[in-house]
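Take a look at the following structure, please.
Chain naming follows the written order as A, B, C and D, and within any one chain the residues start at number 1.
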Amino acid sequence: MADLTTTLGPLTLPNPVLTASGCAAAGRELHQFFDVARLGAVVTKSIMTRPRSGRATPRMAETPSGMLNSIGLQGPGIDSFLEHDLAWLAEHGARTVVSIAGGHTDEYVELARRLRGHPAVSMIEVNISCPNVESRGQVFACDAIASSRVIGAVRRAADPGQPVFAKLSPDVTDITLIARACADAGADGLSLINTLLGMAIDTDTMRPVLGGVTGGLSGPAIRPVAVRCVWQVRQALPHLPILGMGGIRSGLDALQFILAGASAVSVGTAVFGDPLAPVRVLAELDAELDARGFGSLADAVGFAHRDVAALV
Amino acid sequence: MADLTTTLGPLTLPNPVLTASGCAAAGRELHQFFDVARLGAVVTKSIMTRPRSGRATPRMAETPSGMLNSIGLQGPGIDSFLEHDLAWLAEHGARTVVSIAGGHTDEYVELARRLRGHPAVSMIEVNISCPNVESRGQVFACDAIASSRVIGAVRRAADPGQPVFAKLSPDVTDITLIARACADAGADGLSLINTLLGMAIDTDTMRPVLGGVTGGLSGPAIRPVAVRCVWQVRQALPHLPILGMGGIRSGLDALQFILAGASAVSVGTAVFGDPLAPVRVLAELDAELDARGFGSLADAVGFAHRDVAALV
Amino acid sequence: MSNPVKETAEIFSVQKVGAYYQFTVVAPGIAAGFAPGHFVAVAVGGENTSMILRRAFALLGATPSGQFAGTIQFVVAEHGAGTRWITQRRAGDTLDIVGPLGTPFPLPSAPSPAVLVGGGYGTAPLLPLAAGLIEAGSAVEFLLGAATSSRLYGELAAKRLAGSVTVTTDDGSAGEKGLVTEALPAAIERIGAEVVYACGPMGMLRAVGDISRAHAIRAQVAVEESMACGIGVCMTCVLPVRGDDGRSRFVRSCVDGPVFDADRVRWADVGTLPPDLLGADAMGLH
Amino acid sequence: MSNPVKETAEIFSVQKVGAYYQFTVVAPGIAAGFAPGHFVAVAVGGENTSMILRRAFALLGATPSGQFAGTIQFVVAEHGAGTRWITQRRAGDTLDIVGPLGTPFPLPSAPSPAVLVGGGYGTAPLLPLAAGLIEAGSAVEFLLGAATSSRLYGELAAKRLAGSVTVTTDDGSAGEKGLVTEALPAAIERIGAEVVYACGPMGMLRAVGDISRAHAIRAQVAVEESMACGIGVCMTCVLPVRGDDGRSRFVRSCVDGPVFDADRVRWADVGTLPPDLLGADAMGLH
């Protein structure tokens, strides 16, 4: 049995399979199917300072091997999150990665401060792939300067014991530029990738399906883009820890991300098709590592880069 | 029966369904299955000035509802193309859109010059989504300035009777910026979209599947991204003609692109699954337009934008 | 709410009933937790499918394990690619099912006359409800409606349970011509209804709510909203609902529903973002 | 090369033969154009599948339309998800097939003794070839090899056609222990072979080419390279091949192959970009 422990910067996790923000709420619902404390960690839905309604429905559309969502970051706000969700997670012994989102840099800072000293908080994932009010709706993650400003501010404000990961959008010309900017700003690692911006038109109503017109594309359809992003960032920043996600549904899918350079993976949309996906992926990944003679998960991280000349 | 004629700028086509560059070679092979002159036009494989071997195999990997290719623009060069392929197309009465590609702006200009005055050439599609030697491998289409330089030069050099369309890559932070730059440089229209950069790792060899390491992702998996790009560019440049493509496999898929703002569509990867896809999509689109009471294809172009407030 | 389970359920039988397909599948775990109003989420397309999301179906009933392993029943109307795939399954095939899901119909504490309004296949979950109500001493009257006779469901079963059944079809091909809700006021008055239960298209549920309110009685309605997960983690299935505190919120119909008090649902605002909704102000910022 | 067609072919029969599945399907259009060495491209996964590309299979044979509609035969080895789907089809199901594809085996102008070397299911296309050669007066000897006995194919059919058949298995579980190519030199000398035909794994084909060259005779070999389209439009199936003009090019194995003169294929360079290849210099630029 391979040693599945992994590290995300200073944080050590018992295994490399986590949930994906927005696909597991705060763990309570999945706990009906399996003990969420069995996972490397639970990544929570991006939380903001104040309650947020989210967008009008329809909020989803199924696409070939994928789906579009335009939730619009619905959430109860940090107060309710700390009181109910974080408390529940702590009670159930689940390692927790809290995803935070904001419209302004100072909103992110306030969230980071509110999380300081919380024993149940193992790590902070900074969702900078959401619309940035300051640059007329452009997402932070599409702009190296805006990204580094947020990450730097969060790193300074956050509990030093809590690693800060920047979650990047793939919808950029060169993801390694954004990655480097976040690393330089103090990010302890990167979560790759958030959804791709997409859209579907209902050929009966002949209007956009989603209330929000465009939405985030996720699921197996985007996996090749996600693996490419992990590969490119690993090539550019070989020592920066990566939490990889995007269409993972099996142990072999997860192994692709590990070989590309991810030290851990998140399982998101696959949960909708199989509520037990996270623990199934963990078991399958364990078996696939054994079958290939890896003594530990760590040995497999970035293994596909061996003797591949650094690419132009 | 809806009037299927459509226009791509100054060019009028009998119907809106074309092949996609690189998915129909120069029409000869598909002609075994259906008369290629029945299509709106045949878009040929991107041709360059000199013969080009293309990349090492493996050059393909199947992905969920999609595929990756790393052909690397294999082709015989413009001389052989003019002598054999263009001649064959002219002989068989097929309207032809010649796709051109280059490493430098002057290579594009030379190709445009070679095509001047050719009766069989209805239009030029400028593939600026290929690696640009000048900016160390970055693709032209990811850089508004490089894109507008190429498009401007091609527009000036090309036969005034041949519309020049710029084919854009979706792998950019804001595709409307590149679109505007190309329009300002004189592009008669835009071909949206080329493939997404992706990658797959073989979990047995534990190395990249593709000889070229990364490749272009195409097929139904990328359709939501393609429709979003057509929608955004239509919103930003409502009067610029758009040739839409990306995962089209049925009449309803094509209708989504038309409603989003495309005046014509290209059917690419679907040909591999069904060599008759282009003529089948044409017949299905015709029936879907009738079923919705559209008197003409033109009436449906951009119909999904009606009473949708211009978005932020 | 009992814990939902994921089961590989063998199809025991598939019967064509009018325009619908009635499935009986062996699913002891789900059957054990069943209550009228629960639904299940069924995976579609089989191995290597491009359809990655489950489809939801209200439970028609369940027979707990006894001499044989427990079974559940649901009714499938072909709508799109996923339901079409399900209708092509045969006895002996297996289905991957998660359930029981959602919050079931609340039952009255004391016997109280009830009118049950089923639209199309919407009658399915009302049948086990009626059985429970009758067993608890409540008088039950059924109203069954559909666009046309082939899209009616459960008339016979309803008759066997509740004696009087009023049938309406929009095109008059069966029963009275007209909307099922047109027969509701008379039915309420006839049995002195204290509660109305309904399941069917959203428009019908809204009308049931209005009419019930006009008669100062509650209406418990089972809604349908597009669902990606069905288990409460994705937030795609929300409806604008007035809370006990009077404040309106986007509420998950897959866990807090699908059964809602019709009065609480802001029917006119479904598909919009009402500005007074909790947290709507935060959206303005972006 | 006759025009390929796309046919919806009903499966007449599926027979398990060792580790393989032998399909007979009704496909009159494809059967009419068949010649040994042709292959077909079969769609997999059915409606709404996530597998969008066809899988290629060499034709085992074809019976042109006569009293009954023409049929074709091919042999499927389960490899990955697509071939697994095919092996789960049953008689009466239909398959969407395009063919006949590729350039078939070139037949000698005059009768000439030939050795036919089949690796695993690679024997399949050699059987109709042998029949044609024998009919044209050529003496034929078969060499059949496989990793293990269950992965051999066509021993009986080969014996019926050509009398003497030499069988080898890497693990010795059938026939002589060792590689099939080890038996080739003796076979060539035994019948004074003037040509060798082969189909099987690429490594085996390379060895057949080397041994044939050592005996100054030609080897026509049917290769396998990953194919996205199978009809010559995508350029994914290329191999580095020396042209008549001595210059090497990337050549499409789906239209200019799958049968090649082994001498022309630059086996050592498969999967690489040889710098002397036509147009390789242009790649350096990028």
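Here is the rule we use: a contact is a pair of C-beta atoms (placed from the backbone, for glycine too) under 8 Å apart; a residue touches a chain by one contact, two chains touch by 3 or more.
Predicted model only: the values in this text are computed from it and were never measured.
Asks: Does excluding subunit B break the complex into separate pieces, and if so which chains end up together?
Replies: one piece
Asks: If each step moves to a chain the current one touches, what is the fewest number of steps from subunit C to subunit D?
Replies: Counted as steps through touching chains, the separation is 1.
Asks: Counting C-beta pairs in contact, does B-D beat B-C or the other way around?
Replies: Between B-D and B-C, the larger count of C-beta pairs in contact belongs to B-D.
Asks: Let me have the rounded angstrom distance from the C-alpha centre of subunit A over to the C-alpha centre of subunit C, please.
Replies: Here subunit A and subunit C have centroids separated by 35 Å.
Asks: Hey, how far is the Cα centre of subunit A from the one of subunit D, in Å?
Replies: 47
Asks: I need the residues of subunit A touching at least two other chains; which ones are they?
Replies: Counting only residues that touch two or more other chains, subunit A contributes 64-66, 137, 219-220.
Asks: Provide the list of subunit C residues touching at least two other chains, using ranges where the numbers run on.
Replies: 50-51
Asks: Connecting every touching chain pair, does the picture come out as line, ring, star, complete or other?
Replies: The chain contacts form a complete graph, every chain touching every other.
Asks: What residues on subunit B touch subunit D, complex-wise?
Replies: 22-25, 29-30, 32-33, 45, 48, 50-60, 62, 64-67, 69, 71-72, 74-75, 77, 103, 130-131, 133, 137, 211, 219-220, 269-276
Asks: Which stretch or stretches of subunit D touch subunit A in the complex?
Replies: On the subunit D side, the touching residues are 50.
Asks: Under the touch definition given earlier, write down the residues of subunit C that touch subunit D in their complex.
Replies: Of all residues in subunit C, those touching subunit D are 45-51, 81, 85.
Asks: Can you list the residues on subunit B that touch subunit C in the complex?
Replies: Its residues touching subunit C are 64-65, 220.
Asks: Using the touch definition from the top, list the residues of subunit C that touch subunit A in their complex.
Replies: Listed in rising order, the residues of subunit C that touch subunit A are 3-6, 43, 50-54, 96, 98, 225-226, 228-239, 249-250, 255, 270-273, 277-280, 282-283, 285-286.
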